[in-house]
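In the two assemblies presented below, chain A is common to both, partnered first by chain B and then by chain C.
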Partner chain A sequence: MHQLPILRFSLAVYCALFILFLYAPFIVMGILSFQAGPEGGPQFPIIEWSTYWYQHVLGFAPPSRVAPLPIGEALVRSLTLAFATMVVSTVLGTLTAQAFRRKFKGSNIMFYLVVLGMMVPGVLLGLGMALVAREAGISPTWWGTAFVLHVVYTYPFAFLVMLAIFNRFDPAVEEAAWALGVPPGRTFRKVTFPMIFPGVLSAMLFAFTLSYDEFPRTLFTGGSDVTMPLAIYGTFAVEIHPNLFAFGVLTTLFSFALLTVYGLLMTASVRKGRSKASGIQEDIT
Partner chain B sequence: MDVTAGGVEAQQVPRQSFLRRNHHYFLLLPGALWMVFFLIVPLAMMVYVSFWTQTTFAITPDLTLRSWQTFFASETYFGALIRTLRLWLTVLVITFLIGYPTALFIGQFVKNKTTQTILLVACVIPFWTSFLIRVLAWRPMLGREGAINIVLQDLGIISQPIDALLFTELSVIIGMVQIYVVFMVGPIAFMLARIDGSLIEAARDLGASSLTIFRKIIFPLSLPGVVVGAIFVSVMVLGEFATASALSGRKVNLLGNIIVTQVGSLKWAFAAVIGVILTVVMAVAITVLLRIVNLRREL
Partner chain C sequence: MLELLGLTKLYDGTPAIQDVSLTVRDDEYLTLLGPSGSGKTTLLRLIAGLERPDAGRVRMNGTDVTALPAHRRSLGFVQQNYALFPHMSVADNVAFGLRYREVDPVTDDAEVARRVASMLELVGLTGLDGRMTGQISGGQKQRVSLARTLVTEPRFCLLDEPLGALDANLRERMTVELRRIREALGVTFIHVTGNEAEALAMGDRMVVLDEGRVIMVDEPDVVFGRPETVRVAKFLNAYNVFSGNAQGDKFGVGAHELPLPPGTQGAAHYAVRFDTASIARGHGTAPAGHAALPAKFITSEFMGAKVIYFLEKDTGGVVEVERHLSRADPVDYTKDEPVTVHWDLADVTVFDTDGRRIYSPEALAGAA
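Showing the complex of A and B:
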């Protein structure tokens, strides 16, 4: 296939156009977030360039007819929820993947049971959970009913990531440690964990971002204290103002910061793994 | 070796050996319990409640088929089912047609692993913005005074702004394609990148044309990726309601939208009926897709 320069070139152009298609709404959103406020609407033309809507989001703008976004507490709730989901689903995913390193009866059923969690549409799961909570007399809360559903959703991702990591993992290293008389707990801490750490990081990143942005599962089960996506959904019903776009730009920047931290941790762990590989024996004794 | 070692230990210290022989079941237990209680039970509850009796503001556990009859008798609801199926198939086909060439370029024409990763990451970056804001960002793109109309008018391609772009089924399709196409590109590119280059070289040496190579080697080998992508897109599009309500001005009602409205007016039994129908559609779709390739063997 690579002997076709014309095809190669046209596919490259196509790929560039494709990426432009993916980014176009963001570019427009970025431009419109600098619309003049508070009278400017979420459309072209730009009346005057200003950072009014950014001040509005951050609460610095003087009160106007546009109500401020109810984000302060919602953001804290979403971050807390995403953090808890991340921890629980990564632990569950690692435990399950560890069990899958051996063949056992019923592994097929367990595999599909876990993977089903990412296959069932959120709105169905939310509905089912809301019904269960209703009948059981539990009032829906973001840290209760919504939290367990978030884990149902992110745990399969963590499981699959860890399964892939364990598949490439050479058990001989662990066996060597056991043969040398290192207790299992210590082996896990000093040998297994450092080797699977990049996978654990990826699983955590997956779980955090999925939970942070999760919306259909939270809609019926989140209760009266809204999370971030629910707060944004609430603005759907009324008029849209450019403050949402400013907020979108800010959250994207925040995500990039998160991604950078992940990248740095990943590079650090790879480098540490390399430099440590030689000195591993002194380390475990 | 393993078996005999275990057997000897079993005679000496039976209790520890029982734990050790079955320790993977203990590792599985928390996950299995979590999934049964918070995934299987809610879904079973949904099926059960769909047969309950619905009064104005409450449901009682007296079994009846009334809600089911209402669904199939009502043109609005049955129409929503048809619309959901039509929209799902449209989005599925378009994401495949748009996504495949991109995946082909990334997976087969870019030989450098780093460039491949960079291109894939570039496709994934939009996902780090809130889903709902991504949907809303289409409004200033598609509106009467939106970016697309402005650009097309400036280029002199159209003289009148196109009204049909926003608050129609078309806008919902455009929005969904942009949001979900990446789920198609990723798996296909992954499978394409795994194809052994010597296979293609061998075919070429034997005199196969590029088209034959694509038809007989590249496409069949990328099929598992297509199926995985199609499953992702199907699951997400069938459960959709936010894109439809944001970009159609609540004119395009999918099954998901009806669930949300029914729950809002406390019609739990009826929402459950639609939920069950949606589950059946999804199960059929995934079963058909899995018939095409045996995923567990291919991956």
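Showing the complex of A and C:
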């Protein structure tokens, strides 16, 4: 298609502005994280470039008037919670989507019931859960009440991803396996699952990241041992130092690392066969 | 032996298959002809166990398998779109059933490899075993699908329009191949198709399906030469079928009257095969023992060894006439030129008001 140069130019500018807008907060935070410490504050101008606040976060800086971030245990909790949520939500979401491949009585109502978990405001759900737990005599913990709410919240996402995957899935392939005498359970493991695996990866990514920085639901149900988002919020109440920004940069880098792993796994699962086959083709020619 | 007894399947109350009873013999090639929507695929799915019938039974070698799920029936099913496993190589596709089936799986890798290799050789795919399914052509996919099924040694193999997606050249080759492979293995093929030429050419016997019912089962030459009902004649795409009514020994088609063969009172449909009719220029009368129908020329189609002429009756409606070039040279007519179609009265097939055949020519010469 032939495009007007002026149109191309304006679209490019628009795109650049969009990306700038998207990443501006992160860029500002990234710059400020290199503020001099411990006397430098969370504002411009930069007094002097330094990596002091990174050392501070990682515990290498000498003791000063700024207390270290209380995030060590919170980070471990958050990662554990996110991992557990990811596993449970993905399994549940995949199984539910599998059930929805056939119309069943009440499937419409079921659909909305499942999806409701991500529609209901988190604060209300968190508060409600806290009330229910208290009535039932259950003390709120991050691995109990909060975990349940994280699953309630992320399971619909995993379910919707898998539903979309199954929509494009050709059931004839499974029928072919059955007709070859392979029982349905083994067919699922050997045929269906490998074919839907890219979708499962996406569902896992959704569940993990949503749970990792979940705030409102955890606020009311997490109990006294806080998760990372709560720990960070807790430090706001005292005074904000650039060590928070340094920590923000580090977690964002961690997220990027996670995305990279996801991307690598994805391409590997798609390209696995292709490379194997092209090797053989070379043998023939 | 595979027996279907009164099979019926409804979809939302409308019958897709109605009271189908059929006996499939061992070691035969059975073709199943039906227009789209006649329930062909549903019938195959019922036999394969992928659908449950609402009534009727399926028996295999005397055992009732109606309640058995697909993976316990030891039937082969080659689907229309091949349904290969996209994440596996050709060899793994073929080995799949042997390795993972519930009954008698083959655990010895060397044995699997040996059987896969010999099956790939049989279907002519030697050397492609390492390819992924996305890297082979449609015809090769079709063979992989067939090999994947046949390697498990089913006694009955269901093929759902196996040649439907192939181009004409390949289709012709696979026609021969399929018969050869079937004979080599002694397995029964039940081949569903919407193409009358395929059904005629490939079947030892053929079944004609119409609106979910079996309307004729016989050898292809009998089905072609002596269709039992007018619907069968229409599906064969080889007959001009005129509907009208008989008055004495005349059959009225529009304003014209055609002579009827003896003993055909009560005729309601009158069929003439494309290849038994011939064309004369101008409007004329028929010689004794012949019937004639005035028409005008529309167009012709050159098919290589034969020419098909398309004519229009006065009352509308197309009449087709086939002229085989080994018997006669092609003749050119101008558009709308008046012609007369005539045929020997002995070549006529006549059906009564219920569509049942009441008169037909003698069996084809040379037919068994």
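By definition in this document, the second predicted complex is superposed on the first by the 261 of 285 C-alpha atoms of A that agree within 3 Å, B and C clash if a C-alpha of one lies under 4 Å from a C-alpha of the other, contacts with A are read in each partner's own complex, and residues count from 1 in each chain.
Quick note on the criterion: contacts are C-beta pairs under 8 Å (C-beta built on N, C-alpha and C of every residue); 3 or more make two chains touch, one makes a residue touch a chain.
A quick note: this is a predicted structure, and the numbers were derived from the prediction, not measured.
In the superposition on chain A, contact is made by A:173 with chain C only, not with chain B. In the superposition on chain A, A:114 contacts chain B only, with no contact to chain C.
In the superposition on chain A, A:191 contacts chain C only, with no contact to chain B. Legend: residue contacts after superposition of the two complexes on their common chain; A:36 is shown touching neither chain B nor chain C.
Once the two complexes are laid over each other on the shared chain, residue contacts for A:79 go to neither chain B nor chain C. In the superposition on chain A, A:128 makes contact with chain B only, while chain C stays out of contact range.
Note on chain A: of its two partners chain C and chain B, the one contacting more of its residues is B. Contact with chain C, but none with chain B, is seen for A:181 once the two complexes are overlaid on the shared chain.
Residue ranges of chain B in contact with chain A, taken from their complex: 24-25, 27-28, 30-32, 34-46, 49, 98, 101-102, 104-106, 108-109, 111, 119, 122-123, 126-134, 136-141, 143, 145-147, 150, 178, 181-182, 200, 204, 210, 213-214, 218, 231, 235-236, 238-239, 241-242, 245-246, 256, 259-260, 263, 268, 271-272, 275, 278-279, 282, 286. Those residues of chain C whose C-beta lies close enough to touch chain A in the complex are 48-50, 69-77, 79, 81, 83-89, 96-97, 100-103, 127, 130-132, 134-135, 145, 148-149, 152.
Taken in their complex, chain A has these residues touching chain C: 170, 172-173, 175-184, 186-187, 190-191, 194-195, 272-274, 276-277, 279-281, 283-284. By the touch criterion stated above, chain A contacts chain B in their complex at residues 1-4, 7-8, 11-12, 14-15, 18-19, 21-26, 28-29, 32, 42-44, 92-93, 95-96, 98-102, 104, 110, 113-114, 116-117, 119-125, 127-132, 134-135, 148-149, 151-152, 155, 159, 209, 213, 215-216, 219-220, 228-229, 232-233, 236, 240, 244-245, 247-248, 251-252, 255-256, 258-259.
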